[in-house]
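Note that chain A is present in both complexes that follow, paired respectively with chain B and with chain C.
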Partner chain A sequence: MQLKPVLIIAFLVSVTGSLPAQTGAGGRYFTRGAAIQFFSDSPLEKIEASTNSGNCVLDLATGKLEAAVLINSFNFKKALMQEHFNENYMESSKFPKAVFKGSLDKPQELTLSKDGTYKTMLKGEMTIHGITRPMQTEVVFRVGDGKIFAETAFDVTVADYGIRIPALMRDNIAKIVRLTVKSELQELKKT
Partner chain B sequence: MKYRLLFYCFILVASMPSALRAQEDLLSMIRDSASTEKQPVKSSFKTTRVVNFQSLENTHARNLDIKISHRFGFLNLGIEELFGLDAATIRLGAEYGITDRLMVGFGRSSFEKTLDTYFKWKTIQQTSGKGGMPVTVSLFGSAALRTFRVNTDLEDKLLNRMYYTGQVIVGSKISEEFSLQLSPTIVHRNLTATTSEKNDVFGIGAGGRFKVSKRISLNAEYMYLLPDQVAPGITNSLSIGFDIETGGHVFQLHLTNSTAMIEKGFITETTGDWGDGDIHFGFNISRVFDFSRKNKTKAE
Partner chain C sequence: MKSKLTLLILILALSGVYIGYRMWNKPHLDIASAGPAASLTASELLAEYQSDESVANAKYLNKVISINGVIEAVSKEADQVSIRLATEDVMATVICNLDPFSSHAETEFVTGRNINLKGVCSGILTDVVLDRCVVINPSFK
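== the complex of A and B ==
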């Protein structure tokens, strides 16, 4: 029975394989309360909306980052505007979420356990309104007082994501809207 | 040989969990509260009316909706009356959302110079998601006063010119495009023209909309009256029209056999017959003003 040791090894592989992946030196960080704001500045109207329920998970070992937000969680000053945002533009019942998947440049240089400010590029793909496009932005991490904050800002061209602005609204809604994301990250503990 | 095969199988099984895990999203590691939460179903109709009927929708909290409605003359009046366009009955109205679920309104119609006031309370809100509520249920009540007097002693008394309507509106946004509602209704008339007419008139209405594009929907509504309640010659109200939404405005363009634009009128006093061409072209224009102070402190 010279096969027995091999079987034992195979068994060990199967057991360790089903354990959670190694978190590595970097660890994982997350938030369920990222503040996302968007601004549309046009000749006739300034439109702002915000949400505090962006989700994000960052795996520092690999640099991978994923984020998602429910479109209908965005709050507008005007209720009707919010309704039209969901119904006419974002079609949130068809495309309930905006999702980003990508990775950070040089994650090994991000020592989020040490106080300081770190800047790095985030590159990946963003899916809004059912359309996926590449995007990149600079993310700033600030670590201090045992807290980790991350923020970024970027522009989104509305037409890139198949969101049509009718002629009547062309002066009210900007073609390019600015998004800002601010969040405190917490370490993701294994459960 | 047998063992070898077993070994390969084992390796295959052993490698599976890690292979599966590799495809797993990072996001799935955190509890995604948003995907399981029940969400209220919004935008069943473009505005608070189907055509004449109250729809499932309410004016948002602290929003004022000014409604200007016209019904022109019957189309069968011919070219001499420009197919009814020479004359119009008008209702001017305003409604206000006290909360997202309770709204009040009033209006004045040129038809019989009638004042009306009403409330609509969304008691049950349709929700999406697992175990969501499949329907919206609203309660509607209105009182109307006819200020125009037919010259009799009886009508000098204000109470004899009062009308009341109670309605339950049950409906559902069945798909993104299609919404349907039923509205059992009672109209109470303090005084009727003849004794053979009932003071309490029962009817059941059905209304719906179908979105033909993001901003345009096709609407229809019909009110069935139980027999032997109203004067002979009174017909059931039937209306078909389009909603065109342009941001703050909703334009409703329609064809209807009813002249009046309030419940007691279009339910119990419709005389037009679609078959004879007694059809009014008409419109409702809705303009919403937002007085909420939502987010204002945050933004400034």
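== the complex of A and C ==
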């Protein structure tokens, strides 16, 4: 049973509430509409899919970040690809979501209340297809016009997550797929 | 005799190509004409997911369902229209992403409107997500 994001938020609230007051940085940010794209570039074909319903919660005081996406929500141009992706490779009826849990380096240097561009490393664990692996990526935050955008791109080695590609399809599907994530973060207002 | 055999092989090869081509270009499931596996309100669907996610997934995941609710918010990003349906839980909604493969009679929606949509259930994060949605009760202006 996975922790519900609501519980995670509640947890973060309780954890940060018990910490000594920090100066400067802080605040919790979230999105329920992160755009995630998936690219597989192999000698025979390029495969692309995307979704706009990634979730993410960031607690700036501790740098903790959690993100999740529903596998089924990825849309492919070809119905056959989408079917194979869900049924043969990701087995989305068994593993409906991919989850990342980790933390940002030096969150105190991210003053998301001030305009500017901030880069930092995100390290943690990614769970895809029921398998959890460590991973890290650079995240870029852009703050301006009262909006906060975060983006990152990273590679995922398909075999690392126990996803088997039949020999027949080996030239059609890349061994390493590229994922890009773009999202606008909103500050979680205390109620 | 030989030419008949060549003709037969040619016909077989062509039909193979044709079947392969049809499979490759298999259309996405036509949501508008698909009979829904279940019909319920946004609050009911969310409540089922919140009480037991795996039971709800067994019932609804990857199935076409019909959903009724009141529009809480609408967002549009890169042509993807997402309609958020209000539920009894103030923290969570049912998100309906309009189908990018269907044509829609309307893409502008007002909040507060009662809406009935059909889409494929993708599961729950904070919100229950339905993808490939089509509107069943268009508004008449």
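The rule is simple: the second predicted complex is superposed on the first by the 165 of 191 C-alpha atoms of A that agree within 3 Å, B and C clash if a C-alpha of one lies under 4 Å from a C-alpha of the other, contacts with A are read in each partner's own complex, and residues count from 1 in each chain.
Heads up, the rule we're going with is that a residue touches a chain if its C-beta (ideal position, glycine included) is under 8 Å from a C-beta of that chain, and two chains touch if they have at least 3 such contacts.
Every value quoted in this text rests on a predicted model; they were computed, and no experiment measured them.
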Simultaneous placement of chain C and chain B on chain A, clash or fit: clash
Partner chain in contact with A:L168 - chain B first, chain C second, else both or neither: first
Contacts of A:L70 with chain B and chain C, given as first, second, both or neither: both
First (chain B), second (chain C), both or neither touched by A:S93: both
Chain B versus chain C as contact partner of A:A35, first or second or both or neither: second
Chain A residues touched by each partner, larger count belonging to chain B or chain C: B
Chain B versus chain C as contact partner of A:L80, first or second or both or neither: both
Touching partner for A:L179 - first (chain B), second (chain C), both, neither: neither
First, second, both or neither for A:L188, with chain B first and chain C second: first
Contacts of A:N52 with chain B and chain C, given as first, second, both or neither: second
Touched partner set for A:M135, first chain B, second chain C, both or neither: neither
Contacts on chain A seen with chain B and repeated with chain C across the two complexes: 6, 32, 53, 55, 68, 70, 72-73, 75, 78-80, 86, 93, 97
Chain B to chain A touching residues, read off their complex: 3-4, 6-7, 10-11, 13-18, 21, 25-27, 29-34, 39, 42-43, 60-61, 63, 100, 128, 176, 214-215, 245-248, 288, 290, 292, 294-296, 298-299
Partner chain A, residues of chain C touching it in the complex: 23-29, 50, 53-54, 57, 61-62, 75, 77-78, 80, 82, 91-92, 95, 97, 100-101, 120-127, 129, 131-132
Sites on chain A touched by chain B in the complex: 3, 6-7, 10-11, 13-14, 17-18, 21, 28, 30, 32, 48, 50, 53, 55, 57-59, 64-68, 70, 72-73, 75-81, 83-84, 86-88, 91, 93-94, 97, 101, 166, 168-169, 172, 188
Interface residues, chain A side, partner chain C - complex: 1-2, 4-6, 32-33, 35, 52-53, 55, 68-73, 75, 78-80, 82, 86, 92-93, 96-97
